[in-house]
Amino acid sequence: MADKIYEEIQNTQLDEIYSKPYDPELAEKLFNPQKPMENRITDIGPPHYAQFFPPEIKKNYGKWKSHEIVQPGVIKYTSETGDVVYAVRVGTPRLITSDYIREVCDIADKYCGGYVRWTTRNNIEFHVTDEEKLRALLDDLKSRKHPGGSYKFPVGGTGASVTNIVHTQGWIHCHTPAIDASGVVKSVMDELFEYFGSHKLPAQVRVALACCLNMCGAVHCSDIAILGIHRKPPLIEDDRLQYVCEIPLVVAACPLGAIKPATVEINGEKKKTVRVNKERCMFCGNCYTMCPAMPLADHEGDGIAILVGGKISNRISPPKFSKLVIPYLPNEPPRWPTVVKTVKKILETYAQHARKYERLGEWAERIGWEKFFELCEIPFTDKSIDDYRLAYDTYRTSLHFKFTSHVEPM
Amino acid sequence: MADKIYEEIQNTQLDEIYSKPYDPELAEKLFNPQKPMENRITDIGPPHYAQFFPPEIKKNYGKWKSHEIVQPGVIKYTSETGDVVYAVRVGTPRLITSDYIREVCDIADKYCGGYVRWTTRNNIEFHVTDEEKLRALLDDLKSRKHPGGSYKFPVGGTGASVTNIVHTQGWIHCHTPAIDASGVVKSVMDELFEYFGSHKLPAQVRVALACCLNMCGAVHCSDIAILGIHRKPPLIEDDRLQYVCEIPLVVAACPLGAIKPATVEINGEKKKTVRVNKERCMFCGNCYTMCPAMPLADHEGDGIAILVGGKISNRISPPKFSKLVIPYLPNEPPRWPTVVKTVKKILETYAQHARKYERLGEWAERIGWEKFFELCEIPFTDKSIDDYRLAYDTYRTSLHFKFTSHVEPM
Amino acid sequence: MADIKKHDTPTVDELKSGPWPSFVDDIYSYAEKHQKQSCFDLMGQLELSYKHKETHWKHGGIVGVFGYGGGVIGRYSDQQEKFPAIWAFHTIRVNQPASKWYHTSLLRKLCEMWDHRGSGLFNFHGSTGDAVLLGTVTEQLEPVFFDLTHQFNMDLGGSGSNLRTPSCCVGKARCEWSCLDTQAICYDLTMTYQDELHRPAFPYKFKFKISGCPNDCVAAIARADCSIIGTWIDDIQIDQEAVRAYVGGELKPNAGAHSDRDWGPFDIQKEVIDLCPTQCMYWDEKEKKLYINNKECNRCMHCINVMPEALRPGKETGATILMGAKAPILEGAQLSTVIVPFMRMEPPYDTLKELIDKVWDFWMENGKNRERVGEIMQRVGLNRFITDILGLKPIPQHVREPRSNPYVFWKEEEVPGGWERDLAEFRKRHPA
Amino acid sequence: MADIKKHDTPTVDELKSGPWPSFVDDIYSYAEKHQKQSCFDLMGQLELSYKHKETHWKHGGIVGVFGYGGGVIGRYSDQQEKFPAIWAFHTIRVNQPASKWYHTSLLRKLCEMWDHRGSGLFNFHGSTGDAVLLGTVTEQLEPVFFDLTHQFNMDLGGSGSNLRTPSCCVGKARCEWSCLDTQAICYDLTMTYQDELHRPAFPYKFKFKISGCPNDCVAAIARADCSIIGTWIDDIQIDQEAVRAYVGGELKPNAGAHSDRDWGPFDIQKEVIDLCPTQCMYWDEKEKKLYINNKECNRCMHCINVMPEALRPGKETGATILMGAKAPILEGAQLSTVIVPFMRMEPPYDTLKELIDKVWDFWMENGKNRERVGEIMQRVGLNRFITDILGLKPIPQHVREPRSNPYVFWKEEEVPGGWERDLAEFRKRHPA
């Protein structure tokens, strides 16, 4: 069976359609708003993956034997066939322009036979088969800079490094964010840059950012997570609400049942609306997702929570959730200095104390979270004490704790 | 300050009241039902503990240096003062008669200057200060038997043993039990007897029994717990309920909100009563605790659940809850053979596989619960999968499991 | 005593054999000797239960002694004709002396009293710790109480929605590890709270248990709404000589607790160092010296348990105060949660009592009927319980780990500008 | 394009400096070169957000292409006068090729299309995995769709309450550890469920992610309602020669992942054996041989990660199927839960699809609005989900540990005599 897949892969050729020039007028010719079904093609799904495999990847599909990270960002793969492939990983800001992609294409055409891939964390990987090309490629990548001086294609993100920050839309595109995404990521990565291009850490450190509690990404399972939060209950636009929201759905949307239907009189007119029991609101924003007339965003209220210690892999310890260690940091565009400083402090404290192979969360659990707070000099607050549905399981129901500076003997 | 307590202890003398003979008529003389406050003494609390300390205990209070279990059931304590005390621990059925206590007193008077103590697990401890007395005492204890041949005072319960089973009232005295207590305990201890008087196990094994879900004891944190359970929803005595129960309290008593108020007509008379949504009943018995007109006990429904792996001490791992591994075993008086066999099998499987110092729950966690089920040959059922309030935290959210015989590749 | 009626109890009689002390033999011997009808009836009813596989005790029944709201559990047989001597068979919970030392003079006298006024049966002891007198009739309750108070200087224990009889481990009386005067604390609390113990004014029961060290021999952490467990804040005391004696095989590891099985020679690395949960120990094989990084130790007791001649708790001792343990009814079982990591425990224990008062005040005002402290802690949230109700500083020791969900309840005063916002202003910035 | 209006963006401009690729520089370079008003406006609006610290995008807006219920996220600026070129700025989610390999011919053509019809901005890629075209107006949606389908043989990805674009790790294409044909599975599922992907009929979103091994490089266990993760059921393959090479220092541990710090010479005992979570490995220092007790191994990957030249997953490979992962809204985040410990994965993956069908049927019938599969699993109970809904046998692999509360829901048919009882009979045995 596996052979069949191998065979299929070998037989898949690059679709000729891509070599045909783009026709900017075709769509208008084919699409007839009066007869929308005319010429419509649907449900064809994505192009078959195998056509984009470079020849050496195709040939060695399923035959890889081993790999070696020859330097940060460069992984050498060896096949049972004896073939060798170097993957060169470069960081990107994810939010990119077509010109940037064209530059990627220039490089891929020059060194990689026109093939290129993106990783699951928004890095790009170029593949070459010999060392000479590898050197040339690396030099080339290094030379490409934006006018402001930033690297276009920094090499790194492998091994015990900080790889690219998985992130979200922020103020660039979303309607519910508490914070920006791309700007914070740029600020943090500028500061952690040396850790992207090196293997100095005890283990890989996955940093993620989400701009609201919806957490588009894997913020909830990241070594270090930067999370946009609201802290003010929704505004309620009484005069508009009944026209733009389905009240029963809004009421049902609140996980805490804090929303109740209500009727108000505005200029003598009765309006159906809702009321929020503000004491019970935990600022999750789910009501706003359901109802445009209940915005939460607020420049004074919004900010950033830091969660740490999550992981995904099953290596040594099972996957874990990130834990909220700092409930609020100020929202400081354009450079978010407090967040940047805090993330770096956590990262470097971890780097200094953890053992080889030990992920951030494993380290914190080994030394005890009280030690984590002490070493990272993070003030502990009541906000880190869970009071949601599974809270009990986080209580300290043993005498297994250490006497850190937090303990004032009574 | 500690010195003050030491001093106080030295100065406390045995209350003379105990040497005065019991006057069986005094109460009737003092108590006047017409004037209940007359001669009434209240709120005097328990007698001061220190008066019951034997002299060597008093003197060495707070000065103990070390101990050694010289043989199962015999602990030698050495004080900084050079004093030595041997504590001899004997098992009891806890449910005892005054004649049994008198026999204890005979022994204590003969060997221990009249002092004796009970442990937190219903064993008795006799204290002697020299080896000769110790030998005589041990011989004496061994010689005392009940007519049926059982030992009155078996010596053991120390170290890596099965000590006394903490248990409850059962059919001897309680109104809510699903099972008997004393009879099951006797049956189990008869079978585990060799483990009471020896140090063969990897660590201490605490067995506990409770006759209903109220769990009077520490069943919820025991290495092996025997728990009486109901499996039929309460009967509802419509004609009586409103007279003997407060309906709002009954309704509120159900943790799952399965009880609703209702009205029925009996012989043309309207009666307030309740109805139980049987599908939502989990047989906790809390309604019966609040309302005599809702009995759960049933000879076909009731039986025994086995929970294992709990612990109390903070040694190595934190205290843990026991886990339900067998949801139901039949209720088989007078000897409960299935329960006895099952408990023994679990104990001996543990004894065979665990490491030194490893408690049952620590062993099961180390090898994985799937292995526990396999090794103990316990069929796994859906009943062991939690579906109560904190259930999610027990789901297997990782790839960390072993391929035991349970896995049938799909 | 008139005619004694004995019942056939073939099933129950099967519990006479076997090595473990037979309560059946004991009870029958006693019944025969004293010609106790209630004991014969009890066995008769037990036989019936063994046949029916159902209890034959009726539901509850509120009885007690004047002025007390607890201490007696009312119990009536549902087989009143068959077993008239146990038609009523109440238990009386007698507050035991702390850590359950007795003198035979007390015990013998108690036996006499109970032969006279009750069934002659006891539970020594009840799970909470009381000396339980098992089975008497309503008319005997006041006499028993008068006897106890006048002839024994003893008093009743708790039952119902009140403070339950506190209990403790043997502590410094006979244990080298005790960091607390367990009996003194137990006695002091019992005496201080006599009113709470005897007059139910709580939403539900409340239990204190006191263990001298983290081995927790009274199972406080699992069974007490307030668990007081001894600990130390300085360094484990080491006698290096004795450590070497263990390593050399001269001393038996764990005081001989494993004597009946050959576990091989003692291996300090494997048996102590590697099992230390915080990995804070180091055995220098060359120097033959044991090092403990006490700052990292979580005082689990393992190393001390294994080498009692060599290691001892530190000298600066006190208690960790935990709260909220309970059995499963209703919300599921709870272990107690750390509230105060370290409290010095010296009479009159004012710091502790102030804390207790705060808990009780809050609970009595806000607790629902039959809501344990552990449950109200969960309901209001551990964070609010610690800060708002107890006025303590939240510290990481309160939790095993920080929350993983982001659902923080901010308070209005914590947020600049508060929660009142001007909708018009907002819409000026953000047209809909 | 008429007059281009540029905005002052001093704050945003501060993001041009620093070593990490600047999206601001990229966008401005592009905007200048192509004279793209929408890009200038986007930066202008971002500047405003940096000043206001609030988003300037309006709430939602349902737009799409005919016959599809997803794939497009409607977005409108609330600053329509200031930034007219982004008054509408919808994103289009284009279903990426599995594991995101591309040929430049596709990419260049896509750039041309998007320069023409949209902002020229992309997210490469979205968090779910789509190639996201960022920003166009409503009128361009159909033309983009026609372009994609006619000129690219590409299609839209998911959004809304439907199947979301499946995604996978690089798998066998370039990873020696992959136990699955991740791309083949991803592609097959995507093609099989085109209807579910494009026409919302679910209570809420549903995600598939496929990782080739337990390292889980696509974060399936945290982010996919159905997480398909490769594993093996036989023995880890060992090349003892290579093991010795690691021990001898000839090979770099963990393929060189720790190269920039001096962690000392490789110590197989400390770095592998002692860290193995099941303690099932043994290094025979004399024999120079590594032993693995594979029955005890839980396939965590650690040893393989450390010694990739020496160790490899077994040969009998398949997938563990887990379900229920999701972000925190509403009930709190969930990781996926093991449903099938081992499933062979060969096309056409019928066993998997039958399972999926059962889940969807049940969820579509019983799921509440916006209830994820993970939440309904919790609501009905994992035990019932496994047995009643999926018809699978409950096994211990489904749970990390058995329940600790005793609150079992017995079914009537499981209890002899059923639940109907005769009250009169009961009272005959037990007079009230």
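Think of it as A, B, C and D in the order they're written, each chain with its own count starting at 1.
Going forward, contacts are C-beta pairs under 8 Å (C-beta built on N, C-alpha and C of every residue); 3 or more make two chains touch, one makes a residue touch a chain.
The structure displayed is predicted, hence computed values, not measured ones.
With respect to chain A, maximal separation of chain centres occurs for B (centres as means of Cα atoms).
Across the two interfaces under comparison, B-D and A-D, the one joined by more C-beta contacts turns out to be A-D. The distance from the centre of chain C to the centre of chain D, each centre being the mean of the chain's C-alpha atoms, comes to 48 Å. Centres computed as Cα averages put chain A at a distance of 11 Å from chain D.
Put simply, the C-alpha centre of chain A and that of chain B have 52 angstrom between them. Contacts with at least two other chains are made by residues 52, 54, 56, 58, 214, 221, 277, 298-300, 328, 332-333, 335, 404-407, 430, 432 of chain C.
Shared interface positions of chain B, i.e. residues touching 2 or more other chains, are given as 213, 215, 220, 255, 284, 292, 295, 298, 314, 319, 321, 388-390, 392, 397-400.
Those residues of chain A that touch chain B in the shared complex are 314, 318-319, 389-390, 392-393, 397-400. Taken together, the chain B residues at the contact with chain D in this complex read 213, 215, 220, 227, 229, 231-233, 235-237, 240, 255, 278, 281-284, 292-293, 295, 298, 300-301, 305, 307, 310, 321-325, 327-328, 365-373, 380-388, 391-392, 394-404, 406-410.
Here chain C touches chain A in the complex through residues 214, 221, 229, 231, 233, 277-279, 295-300, 318, 320, 322, 324, 334-338, 340-344, 351, 378, 381-384, 386-387, 393-410, 412, 414-417, 419, 421, 423, 426-427, 430, 432, going by the rule given at the top. Interface of chain C with chain D (complex): residues 52, 54, 56, 58, 78-80, 328, 332-333, 404-407, 429-432.
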